[in-house]
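Each in structure tokens, the structures are laid out below.
What follows is a pair of complexes built around chain A, which joins chain B in one and chain C in the other.
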Partner chain A sequence: MTSANPQANPNDETPVEATGRCPIVLLLAFSLAWLLVSGTLAFIAGVQAHTPAFMAGCPILTYGHTRALQDTAFTYGWIANCGLALVTWILGRLGGHPLRAANWMGVGALFWNIAVAAGMVGIATGSATALTSLQIPGHIQPLMLAAYASIAVAGVLAWCGRSRPSLYAAQWYGVALLFLFPWIFSVAQVMLVWAPVHGVLQAIVEGWYAQSLWTLWMAPIALAGAYYVVPRVTGRVIPGYDLALLGFWSLIFIGGWTGGRHLIGGPVPAWIPTIAIVASVLLLPHYIIVLLNLGGAFTRNPADREGGRSLAFISFGLAAYVLGGAVDSVTGIRSVAAAIQFTWFDEAQRQLAVYGGVTMMLFGTLYYALPRLAGRAWASASLARGHLILSCIGIVLLVVGTAGAGIVQGSDLSTAGVSFAAIATDVHPWLSVGSVAHATLLLGNILLAINFAMTVGCGRLRAAAEALSS
Partner chain B sequence: MKNGPLFLLGILAALLFSWAGIVLGSNAQLGALPAYYDANDSLSYPRRQPGIAAEGQIVYRELLCSSCHTQQVRRPDFGSDVARGWGERQSVARDYIYQAAVQLGASRNGPDLTNLAGRKPSAPDAADLMNLLYAGQGGMPAYRFLFETRRIVGQESAAALRLTGSLRPRPGCQVVPTRRAQELVAYLLSLNTTYDYPESKPAPAQNPEQK
Partner chain C sequence: MNDGELLEAHEKLLGRQPDDRAKYRLLPLVMLFVLSGCVLFAATYLNRYSGHFDRSIFNENLLPTGSGPVDLKPDPIALGRRMFNSGGACYSCHQPNGQGIPGAYPPLAGSEWVNGAGARVVRIVLDGLQGPVHVGGKTFGAAVMPAFGSSGFNWSDEQIAGVLSYVRQEWGNKSKPISTDEVAKIRALTADHKAWSEADLLGVK
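This part shows the complex of A and B:
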């Protein structure tokens, strides 16, 4: 439908696509498969949250298991695969040479996904670790580390062999996240799984890991994509580019300190949550700088429809990312924390950040990247538009519904007389909105997967036909 | 910024900075926290778990109970934890020193369990917990797969659940907890933090100048 659109069939193929197309598209295909798995599990968990009897008889899909499975499929399936694919592609393009070690990347992609699938089986059958963001059983984690290293080789080589010595913002974030994940992941493994630290220190390390995974890995994935795509689509230099460096280093230096927010009032030394609260306020300039640099995403050129779609996703993601940062620093305040700690509000914040922020920016980058990787425009503009609309509606419903449930639950919990059965009744309508939102998001992602399969698959079919006829 | 090695050194330093600060800092403070010896009782606290309770903690982890239940009581002026009778004092780091996998939890869709067996005036007993696991209640799902429905051969099992109403099994049958259910309940009944450590006595709230 859009194949006639001249904007949509970009001829700017670089040497990267010639060598890197296969492993990058493979990673993207895996990521979309995991996105659908995660969406289905999110829907099941969403229904279980307000109707506990739903699938309760199934030992592998108890509420705890569905939540852990969903989180694993989302983080290590969707974000890892899609993020690594797009970051490698960006580093390759900015490096200016054909992608090296593409076969390493392909092998790593296979093993990474085997490991995630094995981890899912492990969680479902009761070998989960019960650690936030690290539920995958301990014996599978080393395989993930090795597979990650194998995937990352291509991006690192592209960065080392770059033709221009100076680095762009997309490269700072891209290279940093390639190195930071193995470091934090291996530290968490050693200190929590192989030689666990003593008592409540486990909770402190767990908080540090979960927060570092967010600030030092997921957020840079999204920002690397946004810093690459926004100036290219708008055709303008990034405003306030000098500040971008400050924004980068403040995220990397301060981000890891904000993990103790969830331990406010807990059995840990009081300085840990205190430092976390201070750090989340100190992180505010980072969000302001990102908004200043990438604010161009909010203005679009109506003639460029494909680029406009990327920017629509990225601008939504950017707004959610900045809002999430602001909410993080407000909820650190002790009186606010006392009211909403341990409630659904926490989940709402997380969804705002990882779905509204990171995933939407990844979608935007994906919509920009795939036509260049596949050598042809997206197969259907209406499917893409449907995906955008459903995603926006779904995220707003999800965040509002879950946050509403959190506020109701928080006020009920603070009144000692309200029983848990009464709380469950009170949050029921809000959580129902949440499960409608999960269904909406899943539907949107099915549209994306169909569109992806049509784009990549049709390209393959046409190439085969041309090869036969020549 | 052009210098690649310097850039790498920078991100490594940034990571080490937060790791050293948070992880090493707290480890220096709490890493060697010992049990507290009470000369009056000639006992040291916290008490170690019995073996079956340690097994039960694994069941608690396998089922990811921590998705809905916390194990941390906050101090009296912070939320309604004490008012709800979950404990008479806040949880302190020493409560957890013998736990192989600490599960503080981050979500309270269900009540806190830190001091389940030490609650006053009345703590649940094994039969209450078994019935709760079998039947579910309010927002809590039933965990039927932790139980078996068997024919009564000879005498009814001593462990059989006393069920009423629609839950009652067919005549001639009984509902018996599996080994996992017994371990889990033994673990839940071992959760008791009634002992008052010197550091857990709450500071008097009426004097704001006292830290």
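This part shows the complex of A and C:
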């Protein structure tokens, strides 16, 4: 496959940008705002984890609140907004027509963010549910579902009305995630909030939801972006593309079964964790295939030099994603789980997956998409470089620090003589590394937000100036 | 590579490509082995640690005991107490305290019939009792005792044995319990028998 000439269409603008710029950029702006909120809360929670007196005077920001708020802002604020914007953009471009239902998307974006903001207020004022990843108060959740549907209409229409009958891998993942989120979100809502199931079944459903949110929704968001950006930047087709379909279906079919991993040793029938362990091993081919397919991200000299920064983010994200999959399989083994379960290691795994994997791939796609959406290059290359460096350092520190804390905590907990205070002392240095990492990540994300505002805002200012002068 | 080229190039890859040069491709074969390895592990692990998907197995190293549902024997006294107090049965005439009603229903507490031969009380409960009967030196004859066997309430052998064992140890009575086998034996002997009279019963040893 010869590389295409990147000069063929220097602006690379399609009708999608003309029709969908407004709602897509709006979603991206919201997502970055939530990313900063979440980063700030993550830093506070990180410090509180080893210095409980921090912010103790502020009842809204006690540890339980900051953790729940951070999780909500990150998942439903950052990942949802940015993911939906970029996936709709990709589906629109591959659909080959102007974006339809863009106004639905804009309205949905407003209501989604109103709902998330109301949810944050609800959590802070004490009406949070006690459910992992679903802390938003029950009465706000139906609004989120409706807003999501409104946003997703544009992506679904772009897929239904596409100009070519065949579908590309980015479209598989993109369309699947648009439909999968309402399914898992509504099932969790009914079974946990509206008509709660009883006893241990609740823990099973909750484990399924938290895991499915990651495997069936966040991972497809990241992969849709990566499958689109990598061949476009490298100018090469996906190697081993005939395996990609197997990779896709194995994630969709098996991904939802891995939730019971969190219940190893819990009061559930033995087959539930067993099936989850088996599922996480059966997912290994998925990770191998993704690594093979997207290995082009590690290219040093891509055909499209502008896209090099996107590839740097995506290659880091890809490595973290595959590593996360391998770690999931290893920690699923019962004897390993016995040593590290219910410790900080769980948190490290989660950060590796949602920050190292998904967020980094989203950053990569964002760096590729925004110049096309805004109609001009990123305002500052050095801010972008700073963001990349700070993100890489931050994630490595975060994952290593938290995992170290988990291993120390796990071995201490297995020793009967060690007191609670001694465990807290042992874990302290590792968790301090974690809060330094949160600060680093927050700094990086502030650079991204400034760069974004300069790129989008300056474009606007220039357009206004041109309109005035003409 | 623009969007159109991207779609076209990958569309071609998914279609069947003629294997003109008979080129040997290692990758699909390697993936086949990897996949088979994973499936083999998964199947073995699932078979070994699933507890046969039994909802009562919480330790993955155990297997269901395989004897099927456990045969639970209820406590005959508890069963008897429940039968005694069930709707329209014993307690409504003989009273919950087993004292009966003077002049109408004979008492069970201290009764020579209740504490007498098992063969007689089993017959009374199975087929009923009609006509005058002497209990504790008093004569009762106004009421009819209904049958609890197949011609009446249709209680099982186990239920009849339970209720008799219950009354034979309650309210100060201290007689031996009645076994289910004993009830079954007498039921077979007295099939189709109508209600007993005192004279008939005194003939039973």
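As a convention for this text, the second predicted complex is superposed on the first by the 456 of 470 C-alpha atoms of A that agree within 3 Å, B and C clash if a C-alpha of one lies under 4 Å from a C-alpha of the other, contacts with A are read in each partner's own complex, and residues count from 1 in each chain.
Convention: contacts are C-beta pairs under 8 Å (C-beta built on N, C-alpha and C of every residue); 3 or more make two chains touch, one makes a residue touch a chain.
These figures come from a predicted structure and were not determined experimentally.
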{"item": "Touching partner for A:I252 - first (chain B), second (chain C), both, neither", "value": "first"}
{"item": "Broader residue contact with chain A after superposition on the shared chain, chain B or chain C", "value": "B"}
{"item": "First (chain B), second (chain C), both or neither touched by A:P267", "value": "both"}
{"item": "Contacts of A:P429 with chain B and chain C, given as first, second, both or neither", "value": "neither"}
{"item": "Contacts of A:S166 with chain B and chain C, given as first, second, both or neither", "value": "both"}
{"item": "First, second, both or neither for A:L282, with chain B first and chain C second", "value": "second"}
{"item": "Contacts of A:A56 with chain B and chain C, given as first, second, both or neither", "value": "first"}
{"item": "First, second, both or neither for A:V175, with chain B first and chain C second", "value": "first"}
{"item": "Set of chain A residues, in rising order, touched by both chain B and chain C", "value": "166, 245, 267-269, 275"}
{"item": "Footprint of chain A on chain C - complex, ascending", "value": "1-7, 9-11, 13-14, 27-28, 31, 34-35, 38-39, 41-42, 45-46, 49-51, 53-60, 62"}
{"item": "Contact set on chain A toward chain C in their complex", "value": "1, 3-4, 8-9, 12, 14, 93-94, 96, 164, 166, 168-169, 228, 231-232, 235-238, 240-243, 245-246, 267-271, 273-275, 277-278, 281-282, 284-285, 288-289, 292, 303, 334"}
{"item": "Chain B - residues contacting chain A, complex", "value": "1-2, 4, 7-8, 10-12, 14-15, 17-19, 21-23, 26-27, 29-33, 61-68, 70, 72, 74-75, 78-80, 83-85, 90-111, 136-145"}
{"item": "Residues of chain A defined as touching chain B within the complex", "value": "48-49, 52-53, 56-59, 62-65, 67-68, 126-130, 132, 135, 159-160, 165-167, 172, 175-176, 179-180, 183-184, 187, 191, 196-205, 208, 212, 216, 245, 249, 252-253, 255-257, 259-260, 262-263, 265-269, 272, 275, 338, 341-344, 346-347, 409, 413-416, 419-421, 423-424"}
